[in-house]
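The same chain A turns up in both complexes below, where it pairs with chain B and then with chain C.
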Partner chain A sequence: MNKKQRMFIRMVVASLIRRRSRMIVALLAIVVGATILSGLGMIYYDVPRQMSAQFRSYGANIIFTPSGDGYVSEEDLDQGVSIFKKEELEGFTPYRYENSNIHNLPVTLAGTDFDSVMKTSPYWHISGRLPMGDGETLVGAKAAEKLGLDIGDSVSAQNSFMITEDTDLTKIPDYEIYTDPETGEKYCDHLLEMQVTGILETGGPEEEYIYTTFHDISSLTLSERGYDIVEVSVAAMQDRLKDYIKTINSNVSGISSKLVKRVTASESTVLTKLESLVFIVTLVVLALTMICVATTMTAVIAERRREIGLRKALGALNSSIIAEFMSEGLLLGGVGGIIGAVLGYFFADVVSMNVFSSSITFRPLLIPITIAASVLVTGLACLIPIRSAVDVDPALVLKGE
Partner chain B sequence: MSLLELKDVSKVYGELHALDKANLTVEKGEWIAIMGPSGSGKSTMMNIIGCMDRPTSGQVIFDGRDISKESRKKLTEFHRDKIGLVFQQFHLINYLNAVENVMVAQYYHSMPDEKEALEALERVGLKDRARHLPSQLSGGEQQRVCIARALINSPQLILADEPTGNLDEANENIVLDIFKQLHKEGTSLVVVTHDPEVGEVAQRIVRLEHGKIVSDKKNENFTE
Partner chain C sequence: MFFRMIRGTFARQWKKMLMIALTVALGASIATAMLNVMLDVGDKINEELKTYGSNITVIPQSEAVMNKLYDVENDEIKAEYIQEEKLGELMTIFWANNITDFAPLTDTTVTLNGSDVRLIGSWFDHHLEFVKKGTTYQRDTGIINLRSWWDITDGKWMDEQKLDGDKYAMIGAELAKEKNLSAGNKITVNGEKGAEELTIVGVYESGDDEDQCIYTTLPVVQRLTDSSGLFKKAEVSAITSPDDELAVKAAKNPSLLSGDEYDLWYCTAYVSSICFQIQEAIPEASAAAVRQIADSEGKILEKTELLMSLITLMSLIGATLGISNLVTSGVMERSAELALLKAVGAANSQIPRLVLTEIMITSVIGAAAGYFIGYAFAQIIGHTVFSSSIEMSGIVALIVAVLIIAVTLVGCIPAIRMLLRLRPSEVLHGAH
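== the complex of A and B ==
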């Protein structure tokens, strides 16, 4: 670095440091602009993700059913869910339905996985708690009313079947045998004793069911089999969901997957509207902050017309004055951009916390974009007043006052 | 060859002839005082000589070269190399300290050199004030910084517009001593003033009135 470059830096630094109060005002304007830019940018890019996470609270958006007459096997299910991107798959819950009797009234038992059920049905409202293992049951509100059940009650589900030569009664832990007096056929009444841990309210058909573990339902029916239906919750937009469905239907033979239309259609209309709203707001705020930065920089430069005239009188060429003032402006723009990009992240996070109650995803790409935009806007904002100041006759500027 | 020649130079602002067909010759090493009442065109003349302004008509010949027709950029380069300016107001860059203000002139001329700049400040008696900002300097000290800045690039001509206008007598004498020193070293000086005492020390006194040169006399009282 030669002496000339050192002097150049010395002047720029002196101007930034010794004119601190002016520079802080300008920097503040730039920081505010950059913060809003990076913050709104992050919000804009995060809205679809945030919103689809929100929409997931309306329940599953894809269901798997068996493609033929059979059931969805464990292998098919594994293969099916492996097609989703890990970070998009919010959860999946298989169900197996069986008819049974309780207190001699017909009921539908639904075997499920209580660990994942809240991920696909976050709207479930449970009084009491979810069952934590075998021997416990969650009873739909309507079923509970019909059967007169309450939390803490014991309930026996009953499964009757005819005893044939093949029946291996040793497998059954708890049963009663009776003979039909008319036909002489022997029946086995298999009972499954369970404790009610919670009552389920959803406002939908789920209230009719009695939920148990898969193990309990298998031991009651004495049969292991696949699932009737699998609910899947995926944090993705409609188009992407459709792609997934296509892939699954053509790659996994045992599964027929489809969209839960009601959920996904409204999701994408709301999202599109919301996105364009955020986009418009971003643009407007951006335009306003640009104007604000530009006016501030214009004022800062206008103040220095005399200095520009003096430098010209000392023999500065227009080009070198532009270079000096621009590098000051660009430096400010860069520093303001860096500060703003970081502040913008926190700003977006606060907004996201308040609106969506979840933190924002950090988008590293927005940092260079914010810095570049900030440098560009500040540069442009400086260039115009510098150009006009530089064209002024030094004799005029230096005169009088 | 004369250092500088103004031939029928006029500067017209609308109806007003700020300078009206002025003819002036400055020899190398000469010390000229330009005097006249306020508004008579002294600063206008200085600006034209200093290549900061161009005449409406007439010729300005500096070192044998007609500079009245040159482009602005050429003019800037020319005056940077040949002329040191001292303004009517003390124009210093307020966020640079004394020595940095002097170095700015070096910066635009050739190469900044802090040692040389400090030497120039020493010449005007401001060595111990080199790190002060203009706001921390008195008016007289500021004017001396301006003079140090004007002479840093060893110009052929120093143009000073009212260099003592805002100074008390003590400071005025310091400035005049520096001028005497520069004159001895062979620098040409053109000093605008309406202070007779400042005029008295010059070799030649040129009087302006309403843009016209009304007298141009050798100063009988001039002493080397």
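== the complex of A and C ==
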């Protein structure tokens, strides 16, 4: 390192240290600008992912139905579900529907998996609680009104079938036999006693059903079979869901999968709006903040016109003055950019934790971008006042005009 | 003398003052734009969420009870249907302006080329006029906006007001494929009380079981079911506020609320209070929230509002730091001038007054300019994102004014304290 370079570095460092208060002012401005840039940038990139998870509260966006006649078998379901990426799959719930009688009124029983049902239907309002196992039932509000049921009541679902020679009554735990007086055919009334643990309110058709476990519904109907429908909730955008559906329909023969258009189409409409909102807000705030940083830098440099005049009077070249002041500015921009980038990450994380209760994805690329942007803005902001100061006659500046 | 000095400052140092005013203006414009967008974003997103369809359904009060308990044959029609003309009452309730769309629906099973098909009658873009207490209410409403996710794969949406007569239909994509039908075809549907020949206007793809249905005008289904002037169910789409504790409490039983709570609940656009008001207006109907839509709306709104308010907070902090920063440096660089004032005998109290007045005048001018720039930015955001203008709220002007004055004061204080400590001789000698 030669003497000239060392002198140059000393001048830059000394200037920063001597004029501490002014430099802190400038640095603070740059840090604020850089924090906003990196913070808003990270939020902007993370909003679609985070919001997409929120939109899952609309429930299932893909449904599996049996392809052709028959039911969705356990194997097909496993195979179909395994196609989704694990982190994108929010949950899936199979349903099996059967007709039955309660108090001699026809009702629809729906067998389901109560452990996963709230993942695909997070909007279910349940007074009481979800059934914990066999012998317990969740009754839709309309069905409860119709049957006069309340939480804690016992209810017997009834399944009648004709007894033939093949019927094995030993398999049935609880039944009554009666004979049709006209035909002489024997019927078996099989009863399933359940306790109502909760009343379901959704404002939709679910309120008409009575939900039980798969085991209960099989023991009532005395038949094991597959599912009528499977609801799947996947945290992904419409295009990706369409790809999944294609893969599933061509790979899993027993399943026909469909997009729930109402949920997916609306989600992409709203999400696009939200994304562009955050984008344009980020843009506006950034533009204004950068101008703010620039004016502060301009003011800080402008007040050093006397110093510039003095150097010129002592014989410094225009180019060396510009070089020195610019490197001072760029150094500030770099330091401010680094501090701001880190602060911005923490800020974005705080926002994300508060709003979405999950931490933000760190975007390494934003760090160099933030630093480069703050160096660029600071550089540009310094250049203008330095140039105008350099062009001025030293005598005039030193005189105090 | 005081004013002459201030005038002097502005005349001689207009460049520096302009710089301060510019920064204040920028800060004020960020604050104005962000606060306005933040306050309006709830309504805007709420309107966007209307694409999910209706969040309230209205059904006859005693659909189940009347039929099952009393088994009254003659009153059957009354129990299962609501009168179409009562639907106009929706335009008269307290939160009528929050109701964006509504449509009555009646369905029946008909046979089409030998197979059973569900035929649904509704309004598409019905022009509704309703006269109550001498006031005429009117609006165009129907399912066009309540089925925004439909893809019209053939033909177009039915334009009820332009078509001649009512014998038109829109058919689900799966059914159309099955029966090999397309727009322009005529179909004959046979119901219990006769047959109707309908012209297909469009084919829609809905992605649910309505792909197997036919939608037609309400009068067609009313004739087929002998229920003229009646409908079975109405879908209502309303802009609502997210549920909070009060709403949950009220949803259970509004009569348990205290007087003040009741007033607050009634005058807030909760989905439960809108349902309550619909029932008040149409006593024979029962209105219930569609939980899938209403709950999710609430969640997404809450998240969006929180996100926007945190971003707003961040930009406000940025703007205020920027302003107070510049004010501080603006005051400090005038140390020579102020020291001179001290040297010629100005009292310590006079200098802060002078500086403060100057900076305040500059700030106020800057803030006023910034408010209008911010207004423009808010409108740009509104029009680019939501294609509608952002409503300007008066409170924002107040907040911005208070904020700018406070920030300017805070920015001045350290600088002034430093100036007062300065020794005139040192400063004037140039040893700073």
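In this section, the second predicted complex is superposed on the first by the 308 of 401 C-alpha atoms of A that agree within 3 Å, B and C clash if a C-alpha of one lies under 4 Å from a C-alpha of the other, contacts with A are read in each partner's own complex, and residues count from 1 in each chain.
We take it that contacts are C-beta pairs under 8 Å (C-beta built on N, C-alpha and C of every residue); 3 or more make two chains touch, one makes a residue touch a chain.
The model shown is predicted, which means the values in this text are computed figures rather than measured ones.
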| item | value |
| --- | --- |
| First, second, both or neither for A:Phe346, with chain B first and chain C second | neither |
| In the superposition, chain B vs chain C on chain A residues touched | C |
| Touching partner for A:Gly315 - first (chain B), second (chain C), both, neither | first |
| Which of chain B and chain C A:Trp124 touches, first, second, both or neither | second |
| Partner chain(s) touched by A:Phe161 [first = chain B, second = chain C, both, neither] | neither |
| Contacts of A:Ser266 with chain B and chain C, given as first, second, both or neither | second |
| Footprint overlap on chain A, where chain B in one structure and chain C in the other make contact | none |
| Contact footprint of chain C on chain A as seen in their complex | 21-22, 25, 28-29, 32-33, 35-36, 39-40, 43, 47, 51, 54-55, 57-59, 105, 121-125, 142, 145-146, 201-204, 258-266, 269-270, 273-274, 276-278, 280-282, 284-285, 288-289, 291-293, 295-296, 298-300, 302-303, 347, 351, 354-356 |
| Residue ranges of chain A touching chain B (in the complex, touch as defined) | 2-4, 6-8, 10-11, 14-15, 18-19, 306-307, 310-318, 320, 393-395, 398-399, 401 |
| Complex contacts: residues of chain C adjacent to chain A | 16, 19, 22-23, 26-27, 29-30, 33-34, 37, 41, 45, 48-49, 51-53, 56-57, 64-65, 68, 148-149, 151, 205-208, 288-296, 299-300, 303-304, 306-308, 310-311, 314-315, 317-319, 321-322, 325-326, 328-330, 332-333, 377, 380-381, 384-386 |
| Chain B residues within the chain A interface of the complex | 43, 47, 50, 52-53, 73, 76-77, 79-81, 85, 87-89, 91, 93-96, 100, 103-109, 111-113, 133, 149 |
